[in-house]
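What follows is a set of structures to go through.
Both complexes shown next keep chain A, but they swap its partner, so chain B is in the first and chain C is in the second.
Our next item is the complex of A and B:
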């Protein structure tokens, strides 16, 4: 049996409480407060204690989906990326880069946000980048 | 936040306005209770009788959208009693005279007419805030989600400056961020007018630095905000949208309008954990990894950049968001290749020398570091503006702000005020919390809070289904009779897709500068479902 605690940060509100994910044999079992953390000092709210639940949910998307004739079809990453890339290139070719908008996310990491806006600005060539901070 | 979360415990007075802290930021509320135990005074101003009101030295329920008048009224009283910090105002601020003249007009009687607050309550608020330093002001979306959102924030800053509460520990102006990495998304340049580190698009030198670093010349024209994107879609200017980890279909104002706009798009691409309301209408959906399935950093409300660590492998074929973006970009001809998020982080710190420049994964450790952290030996910054403000003069600016009405005021057709928000067990559009059994058990459906007097007049009983309508549309929700709302005001939570609150809210009323919609004030009618 492999049982470990992985330090992380709660992804609900903007407080940023330190958590420990309990992992047994590669499966996420629970969420514990991080005792020494400067933000929450070993406490969590009801959402934080249940942070792991959404990760294990049966409703999670497990593979990319591509809409064909009005219906979603499961796709490989290669196919989904190729489909998306072709459609975007087509639209940029026809209407220019400012016809594309990118909504980055207050849920993903700094590194991912950085890449998402870099994608918009350097790859597509538009500053149409925003997220829900103003919502 | 100008100051740190732990500093709240050291405050002499805490003023909470437009934040339902115990429900939305429970671990920050804990600091408020600790401060109370240490003898701090607590002021709560909120249109609803929130839980925190019960612990306050003074709690008021001001009319929706009247925050500027309330704050000007407090400042009027502070100046009249000469409680302001004169040395601080002289040494560290400018623009006091114009501001003082504006505030002069906000007598307690005038403020009562606008806000409904009794003069003696306003006086007590002013006295507690001004005479128990250091005073910490906490706010959330109750201040910002208004057509006067920027005015409201500036008024909060005026109050803090007036009493010398910016640039010292345990004080400050502290917006509580609603999402785990909304601070980081802004810091990383997830905005149409700035690049990472808030470096403006309009600055040619900045454009040069980034174009060189990225090996591609980048556009220097400011882009569209999310509020501008919707009309741009309807006008045919915006054809494709890439939505990462957001559910605008439930979170944005005026659901019908947005639903129509999304259908007009040629191409909608959504990157998500779940088949959210927005993902359901997409052309391509990318399955993304969750918080426990990836490495990287989040930056919290107090500017603390902290590492998250992969605990388990992503479910199914799901990929980490950074990996998906790299694959897509490379497929489109702009190569992005990184081995780890740490490589990306090192690129970020090189391009944001003033804020993240001194950070490395090793230095972040478990506790993280608070920006600005410009050098590798810099300890991070627990509170901002200690010696100077980031303006050419080094001084803070007072703003003369007059009160303006919200966009909608109740009338014959729509006689009720509606405000919206979160409840303790759920988060935002509920995609994560509603599938969590213990949280779902706390609240399974949407509801509308209505005052007992209004319910009696409409012959609505607790649990009765009601129909709520606005100029935009109508929705149904079971009634919850409570005096937490004032007579004439209704409250709807935003978490429930089958009771989509934003069918009612107004997408045409937003702050002219910040473009934030007025979620906190709209007018509606309500009747019993028959």
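Our next item is the complex of A and C:
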């Protein structure tokens, strides 16, 4: 039997609470607060306590999906990105770049957030950028 | 200590040993095994506390034949007793290495997180309870004021369920605080103070006063104090010692026999 405790950082919001994952034979079994973490000092909110549930959830999205005729259909990354870029180009061409908004997330890293706003400003050409922590 | 754990692992007295190891400066729970004996040199006892017994019970529920050794402070030993009398853990498959905790002249290496109680802020002193108060001090408040102070404490609750999740003696498969028959997915968790009182009632005759719930509470609710009170009632009314008795508490509702049995002798005060 292989049982490990993996210290990590909660991915739910921008606070950055320390969590400790309990992993048994490669499967995430539970989440505990990291007692000595300077941010949360052994405390967590209900979302942090249940991190392992969304990792193991059957509803988790593991592949890109494209909506065709009102239904989501699995697609490859190339197909999905191509579809999204074509639609974005179409919308920007028709209504202008300010018709697009980019919402970023605390669940992704600082660097990915930077890239997202750069994409909005430099590629799309809009300042409509917002973050889930502000909603 | 490290030598003994090595010996246990080598001789096969235990398959794995649950202790602590420092990782990147954090004292974390760690599972030591025979495959990596050199690891055992890094075994430490504290200072952080995690519910090792709960982790052991979780491992055993997946691998019933495994033999586990673990570090246990006094509270940990009471936990093992409660888990045993509730048939959650067979103590035959558990080997315990005692480590000191409580502040005492007899115990030199005391390193429990309760040795230095935190000072409470002025707002809590005016409207709530100091978490380290004695039950007698709490009861010196008039009932109305006492109720208001408890409500002040309870209304801070953010319903993180942390007190239940960390609790080493919370082992029910179905929890009445989130059972889908009682609370539908779209509904909010139980109201204040029902949430806390449901837990308090369930802690009667089960709480081993380890204080992990209070440690994990983001709202600093004096949970330990509350559960001490319910346990005192169990002691006064039924003469049941939680954590050392060899039988289940009188509130056992499983089976066909009613086990509730009042303590003989004089009348007792039921004033909560």
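We adopt the following convention: the second predicted complex is superposed on the first by the 112 of 135 C-alpha atoms of A that agree within 3 Å, B and C clash if a C-alpha of one lies under 4 Å from a C-alpha of the other, contacts with A are read in each partner's own complex, and residues count from 1 in each chain.
The rule is short, and it goes like this: contacts are C-beta pairs under 8 Å (C-beta built on N, C-alpha and C of every residue); 3 or more make two chains touch, one makes a residue touch a chain.
Remember, it's a predicted structure, so these values are computed and weren't measured experimentally.
**Q** Could you look at A:3 and tell me whether it touches chain B, chain C, both or neither (first, second, both, neither)?
**A** second
**Q** Should A:24 be classified as contacting the first partner (chain B), the second (chain C), both, or neither?
**A** second
**Q** What is the contact status of A:45 with respect to chain B (first) and chain C (second): first, second, both, or neither?
**A** both
**Q** Return first, second, both or neither, reflecting whether A:37 touches chain B, chain C, both chains, or no partner chain.
**A** After superposing on A, A:37 lies in contact with both chain B and chain C.
**Q** Touching chain B and also chain C: which chain A residues?
**A** On chain A, the residues that contact chain B in one structure and chain C in the other are 7, 18, 34, 36-37, 40, 43-46, 48-49.
**Q** In their shared complex, at which residues does chain A touch chain C?
**A** Residues 1, 3-5, 7, 18, 20, 22, 24, 29-30, 32-37, 40, 42-46, 48-49.
**Q** Over in the complex, which chain C residues touch chain A? Could you list them?
**A** 15-16, 23-31, 48-50, 55, 58-59, 62-63, 66, 158-162, 165-166, 215-218
**Q** Using the touch rule from the top, collect the residues of chain A that touch chain B in their complex.
**A** Checking each residue of chain A against chain B gives 6-18, 21, 23, 26-28, 34, 36-40, 43-55, 57, 59-67, 72, 76-77, 80-85, 87-89, 91, 94-95, 97-135.
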